[in-house]
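Here come two complexes built around subunit A, the first alongside subunit B, the second alongside subunit C.
On to the complex of A and B.
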């Protein structure tokens, strides 16, 4: 054996030897190709590719992003979109109250929500699930039926419990998100940035209420049914492979309006308001009615209260 | 969900129409300076009375008041009273001397726009909840102007129990999603 083979190569030699390894070659090729592809893309696609996390954007950047999205949606669905970014109001913490003694299980809320929030019609995504339960068994999720379909409701011996995002104060979905694509806003609404979501669905596994839904394929919405009045963190059209959920109709409530499900409910079972306002409907409910929260024992601390208005 | 339909014979209708026009003309000249409209404490929509059938006095002024309890026929045939004890009768709420208004147990007159006061005599807990927006549906703004509904906008006062309705379709089962 020659002596030279045993000597340790110097740093300079090592670098020279590495110059043409397979890995280095591939890496530079891919980078060059990606650069080429991006360069040939439209500025809009390039911009969306390099878009930073929403919280890191300046107001100027946000405006540009919203305008870009509005144009994209317009091209796809027709019509003139507005993509808003109304921030949370000071001194507001949104809460919801639902009267179990009133709900008749008609599912009007489910479809008003689909229409307002641009959920995919095919495959169908519903942010609200109405559970039919037996009066004899009480609130018992193991005996709940979400697929009831009689000629008329309410059915004898049954009551109905709509479940949607409970807007937890300790949202487990937010805890598990590996990329920070979902968070709780100052007014208590848990939101998803569809441009940041990577579709890992950890949040869906973490949510104890089954409130999060996944776009398994490109959401299909007929052009004439689209709602053009959108919010970046709410009802703007989604992409394939992202998670979505109820936002208390962020695009409506931040402008002072009631959520769509409140306005459609034919029996007035749904109440909504500011938890910090002693005059609000939800405060009256909490102070005067029998109230409970779903799965209290797991300490998610929802801001969605079920009550008995009788 | 109205208060029941009122059908009027042709000749009667003609007379009534003439009378109504005359009354309207009189009312317009008399009430020209009077602008205190029927504004109530709560923003409620008009009572759900079948269009063209109010004021009730258009017909009832010509008719003799029949105080007898009976099965209603003809114009008010559709009204089936199914509300509380069997002793309940029309004139517990409607006023025999003036059909265009209602009255409380005390005899105090209330308009149809204030009928919640009448309902609240028995259903006081509901009236209390309704005033703060917890019983019944509210639309409008959660921190601003709200639109209330009268009791009668949702409950037929003659038969207040909600009729069952058809549910919208159930969600697809996961196994059916392709």
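On to the complex of A and C.
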């Protein structure tokens, strides 16, 4: 550069220099703008923006991510959060059985689920939908009422069919996700990474059971109602614009507890267990009762069995 | 430098016009402004502002996206006779078709982007940097073909206009292969968009083999239809006064 300054630059050189300075100017502006935007956010916002896909994180990265999230949630909702990452156990395949002849349609499971899994209260998100159907018509989804609201249940001539994620063996939602933000864990639970989901809602279009729910706005949960014991793939608080779903209470079942809906059910209509364990309750139900799965013709192969106990 | 002059020249042409032209630009600008304000509102409050909910989770955005994919076909219908059979009279119209295709694809991508719950994570769709679920997800296919078709048409049409600007004959060996690639791309944007819907057994009304050919045929109607309307307008507005 110095030597050039001594001689008189030719027209061509001058033009090239101009182009170079322009390019340098443009590049530095872009870098400065991007840097400025990133520098203006807090480090945790930056980290969550650049967070990689969960399966590409090392164990250490995961731990750091969980700690960061626990801190974030603590700042927002107060209290001390634990964000766990309990992996699936070997030889476990979770399955569910629901006794249609017992269910009275009280919706206690719906609200126990909301409480356990930190679903948004406003706008309300329910992972379980209870359908009221007419006994005369049988299981007929075209004559099902999800919004029944009588003074007392069960109503005469009706029966009730709770529907939640059927934890399919061939989950359509997993296949269609364009960014791989949802997958099936080794123990059969279909999970969503709320930090990777882009909110395109293709999985909602693909789910035959309406089991996936979208955070149409910022989820609101009163601080005193929050559940602090969370799992990264389960009930940790969600963000605006991501999809969520039933995870069989992954934060509980991986520690050997029952899902919240099983525990609350006043009539014992809900059964849960390990499909690979011949002694488990679900195995007994499958082997001894009249069992069916919902929308069998679609070949999603759910691990959620409906049966008639009596 | 020539490129720079081409760019400036295009801007100059773009800015030149009568009162009617400027008021049209102002009208379009106002529409864009309303859209931007609405989008900022949606970014702030979430997609709840669209009044969509879980039972109907795809609405106007995706409907418009699907329609505009059809419009983007306009180019290929005109491109085949213009470049493959080298039929001169249609060549100038073909450029309009390609311009329309580029703008339609841009609108498609913008509609899908506006439909995303987390637009800040759109980079997850970029292969290698993000995690594109290809080939399992048909939306991933759609991302690839739409961007590919848009880029192809953008390159072709910019090159054609550039050669016209510098008053040179365009190089056939450069354009023809691109055109040949763009034809299957044009077909695939419709079929893939149709597969996005009809690959879902959960939606019985979409889950039909007729959807892809239906999208193609309706695209071949709606695309040229818009060009016909456009050309009629151009003829009315730009013809010498005594011929109107």
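Please note the rule applied: the second predicted complex is superposed on the first by the 277 of 310 C-alpha atoms of A that agree within 3 Å, B and C clash if a C-alpha of one lies under 4 Å from a C-alpha of the other, contacts with A are read in each partner's own complex, and residues count from 1 in each chain.
One rule holds for everything that comes next: a contact is a pair of C-beta atoms (placed from the backbone, for glycine too) under 8 Å apart; a residue touches a chain by one contact, two chains touch by 3 or more.
Because the structure is a prediction, the values reported are computed rather than measured.
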Of the two partner chains, subunit B (first) and subunit C (second), which one does A:42 touch, if any: first, second, both, or neither? neither
When the two structures are overlaid on chain A, which partner does A:176 contact: first (subunit B), second (subunit C), both, or neither? second
Report for A:123: first if it touches subunit B alone, second if subunit C alone, otherwise both or neither. both
A:309 in the overlay: touching subunit B, subunit C, both, or neither? Say first, second, both or neither. first
Check the residue A:223 against both partner chains and state whether it touches subunit B (first), subunit C (second), both, or neither. neither
Just to be sure I read the superposition right, which of the two partners does A:200 touch: subunit B = first, subunit C = second, or both, or neither? second
Contacts for A:214 in the overlay, against subunit B (first) and subunit C (second): which applies, first, second, both or neither? second
Doubly contacted subunit A residues - partners subunit C and subunit B: 123, 216
Within the complex, which stretch of subunit A touches subunit C? 15, 49, 53, 56, 123, 172, 175-181, 196-202, 204-208, 210, 212-218, 239-243, 298-300
Within the complex, which stretch of subunit A touches subunit B? 99, 104-108, 110-111, 123-124, 126, 129, 146-154, 216, 253, 256-258, 262-263, 265-268, 271-274, 277, 280-281, 284-285, 288-289, 309
Of all residues in subunit C, which touch subunit A in the complex? 1, 45-48, 52-55, 57-58, 112, 115-122, 124-125, 130-133, 136-140, 143, 196-197, 199-203
Using the touch rule from the top, collect the residues of subunit B that touch subunit A in their complex. 129, 132-144, 149, 154, 162, 164-173, 177-178
